[in-house]
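What follows is a pair of complexes built around chain A, which joins chain B in one and chain C in the other.
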Partner chain A sequence: MGCDAGAVAAAIREAAAVITEHRDELVRLDQAIGDGDHGENLKRGFGFVVARLDESTPDTPAAVLKLVATTLISKVGGAAGPLYGTAFLRAATALGDGPELTPELISTALRAAVDGVVARGKAEVGDKTMVDALVPAAKAQGSTVGEVLRAAADAAEAGAESTVPLVARKGRASYLGERSAGHLDPGARSSALLLRSFADST
Partner chain B sequence: MSRVGLVIVSHSQRLAEGVAEVAAQMAPDVTIATAGGLDGELGTDFEAVSLALEAAQSGAGVVVLYDLGSAKMVADLAVEMLGDPDSAAVVDAPLVEGAVAAAAAAQGGADLDAVLSAAAGAMGDLIPDESDSTEGVEILLTNDVGLHARPAGLLARALAGVEAEVTVTFGGRAADARSVLSLMGLGAAGGDRVRVAATGPEADEAMRRVADLAERGFEESSPG
Partner chain C sequence: MKKIINDPTTIVADALRGMALAHPGLLRITEDPAVVARADAPVRGKVAIVSGGGSGHEPLHGGFVGPGMLDAACPGAVFTSPTPDQVQAAVTQVDGGAGVLLVVKNYTGDVLNFETAAELVAADGIDVRTVVIDDDVAVRDSTWTAGRRGVGGTVLLEKIVGAAAESGADLDTCERLARAVVGNVRSMGIALTAPTVPHVGEPSFTLAEDEMEVGIGIHGEPGRSREPLADADAIVAALLDPILDDLPFAEKSRVLLFTNSMGGTPLLELYLAHGIAERMLAERGITVERRLVGPFITSLEMQGMSLTLLRLDDELTALWDAPVRTAALRWGA
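This part shows the complex of A and B:
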């Protein structure tokens, strides 16, 4: 199966649908240890992404990801905007101008994206953020694009689950101190959802 | 003269404007641009930050202050996108104190680095004064409010560009005379006597400027 700009755009649309479907869940998770806007922020941001993809599909996979990045950066008002924006921007840069994705390119782009999130937010594994889902996902390898993304999604889901007992040390939830323990981190959950939807699109 | 500008990034428009209002009191000639809220709701707006960076830029650079972590990330991104690391910088500082300190420094003609350190040092920690307090000169505060915000700002401003370490001592505590907040933290009121000491190559000039300002009652036009 080809993995060109059209396929990447389709995967992004699918991700937007998944986020919309899980909006309330993400809102509830963020209400527990944050301000409750994560689901709405992402739903809104991806809504604008889809609207822009409806206008025109960019020529390369990298250009699609760049469109996602700039839209999330300008439309998502919470931490997730600059964090996911940076992730998609770095991934786009890592992909270069090629017309098709390869397993190696996907692995490289994943690593670049996660490095970008870490650079932007300065969180480490164990701080109870999306980084707990993303860092393990960035190690994913495979012989097909689908394999890489499935491995990334599996790792992200496990990483997200690992945030439950943690006390938050970064982001809004860190203001809660010990009270943040016992809850799944909303950003880690949305990261796992996004990666799973990408894997399911291949 | 072109001065360093300020950008206040906040989740709330009212908070951003309030901080700008407080800081502007110290700095009539400094451009303080705000980026608060997103589409009228709580949030941070990348495009608004980019526009504010433009508005506050006069060539001398822009210092960006923020309220919460996610606002910092948006601010960092917007500054990165400018593509010129000398044109603007985000500073980790307490928002209100940092903005006041940065505004006062910018008003005094400080360059980008100096305004950044003024903001970063704005916690205004006071050093317990362990000297026997005979160094320097005693100055009587003849103005009504003593070393309150405006006079403290004037003092810090008067010392801009002077190569000297100047400390003001009062009530057993010492403050860096360039730190508006430290000065204010001394709590020296009208009628109090503070001790001013300076060291460094231009210590005499520094002392002259302080004495001059004190003599003029910190330019307090009318009592009250």
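This part shows the complex of A and C:
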């Protein structure tokens, strides 16, 4: 793909479709160790994102991500709304106002996004949250945008799987104590889904 | 799923429309973003008390909006915290120039969204403070969890701080009183059945006929442990003991006892449980000076109950007794 604002907007639309497709799965994961709203919240939020992109496509990749961020912050609620909102906002800031993405910019934006999530939620790797998928993904490098995103998606999927045996120490799942072990964290799963869909869009 | 709804995705907005019609003159409700405000807001020179949280806990929080309690409530989607723009809109509507106190239940989502909102509001030049309530003794060590949840104590906090603000207390005083309530209130709940979130369509967890979930939250998140169903005496003891262990509710302590239905437990059973709780407290020499019994912080149609104990002093008692006029609590006014 080209890596201009149009391509980034197309990737976001694709991600919205993936979230909608996996809504029930995310609901079930959140029912097991949370309150069952994760899939619905994200589906609602990305639905609004697509509606705003239909109105107008911003003219830089950063502006597209900023639109995603402000929409998620104002429409999702729950823990995931501000966390994903912060991630997209930090990524947008890191991109600057260039018209095209480069592999280096993608790596930098990923790191900024993940640092933002960690700063807001104060979770560490091993706490059984989306941070377990995101921190390994932020180390991704490559010589093309596609390579970076594929490496990030691979790392996020492995990171998400690693949450299964963990006992949650952050978020709603932590109230379960030992009973949270044996379940995939819904936020880690949605992070992996988003990154995989970005990789597939390149 | 059996519910009286048209469309699970519009349930909150649909209910708010009915609520506005049910309480004309008391409430002013806007839909986008969703805010339930006092009809006479902003009240000039009065500290505004704003709260909010996921829907599905009615009458919390919208049912507590009115003179002597909240100035505004922000209802989120079912069991989902409200968003920052909602909180910002609420604050802007009710700020009377004397500052705003945000009352936040301790859940990651609520804390993060209110934190973001507080930043936005402060940037508008409004003096805003936040008090996080975490009264649920079912959740222990906060270094290993997101910390204790905010549950029944929230109702008492909103009443007491609302009364202070109504009587002209300044923002510092309101904040101090809110922290005094947080420091002196503890709760614990159990569930006999699970709630069904409308957009999910099936119960949040499954409990066998002969099981109960001890240490339940108010969002269908499972509790601390699953136990064989017991009789009322044993259930009340299972709720009361961890509360009494947690704070030194010593002999001669004066308390407010709040016996709450989670939505599906009828008053007949609730009064029965309340009676047992009063007897058990009396046996320990603890004086119940005030009480509240009913469904005030619920979890949709979940059968179950919670007990909340607040240690009283003269100041808190007077504020509890002060007039209040809201959809769900009303006395002296």
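To be clear about the criterion, the second predicted complex is superposed on the first by the 201 of 202 C-alpha atoms of A that agree within 3 Å, B and C clash if a C-alpha of one lies under 4 Å from a C-alpha of the other, contacts with A are read in each partner's own complex, and residues count from 1 in each chain.
Definition applied: a contact is a pair of C-beta atoms (placed from the backbone, for glycine too) under 8 Å apart; a residue touches a chain by one contact, two chains touch by 3 or more.
What you are looking at is a predicted structure, and each value in this text was computed from that prediction instead of being measured.
Engineer: Is this a clash or a fit when chain B and chain C both end up on chain A?
Structural biologist: clash
Engineer: Just checking: does A:L83 make contact with chain B only, chain C only, both, or neither of them? Give me first, second, both or neither.
Structural biologist: After superposition on chain A, A:L83 lies in contact with both partners, chain B and chain C.
Engineer: In the overlay, answer first, second, both or neither for which of chain B and chain C A:G159 touches.
Structural biologist: After superposing on A, A:G159 lies clear of both chain B and chain C.
Engineer: Who contacts more of chain A, chain B or chain C?
Structural biologist: Comparing touch counts on chain A for chain B and chain C gives C.
Engineer: In the overlay, answer first, second, both or neither for which of chain B and chain C A:G187 touches.
Structural biologist: neither
Engineer: Looking at the overlay, what does A:E40 touch: chain B (first), chain C (second), both, or neither?
Structural biologist: In the superposition, A:E40 touches chain C alone.
Engineer: Looking at the overlay, what does A:Q31 touch: chain B (first), chain C (second), both, or neither?
Structural biologist: The second partner, chain C, only.
Engineer: Using the superposition on chain A described above, determine whether A:P103 touches chain B (first), chain C (second), both, or neither.
Structural biologist: In the superposition, A:P103 touches no partner, neither chain B nor chain C.
Engineer: After superposition on the shared chain, which partner residues are touched by A:P58: those of chain B (first), chain C (second), both, or neither?
Structural biologist: In the superposed model, A:P58 contacts neither chain B nor chain C.
Engineer: Contacts for A:G171 in the overlay, against chain B (first) and chain C (second): which applies, first, second, both or neither?
Structural biologist: both
Engineer: Stretches 7-15, 133-141, 169-177 or 205-213 of chain B: which one clashes with chain C?
Structural biologist: 7-15
Engineer: Go through chain A and flag every residue that touches chain B in one model and chain C in the other.
Structural biologist: Shared contact residues on chain A (touching chain B in one complex, chain C in the other): 35, 37, 41, 73-74, 77-79, 81-83, 120-121, 170-172.
Engineer: Spell out the residues on chain C that touch chain A in their complex, using ranges where they run on.
Structural biologist: 9, 33, 54, 76-85, 107-109, 112-113, 115-116, 138-139, 144-146, 149, 197, 199-200, 204-205, 217, 219-224
Engineer: In the complex of these two chains, what residues of chain A are touching chain B?
Structural biologist: Those in contact with chain B are residues 35, 37, 41, 73-74, 77-79, 81-83, 85-86, 120-121, 170-172.
Engineer: Flag every residue of chain A that touches chain C in the complex, lowest number first.
Structural biologist: My answer: residues 27, 31, 34-37, 40-41, 44, 73-83, 120-121, 169-172, 174-177, 179.
Engineer: Note which residues of chain B are touching chain A in the complex, please.
Structural biologist: Residues in contact with chain A: 11, 37-39, 41-47, 68-70, 73-74, 76-77.
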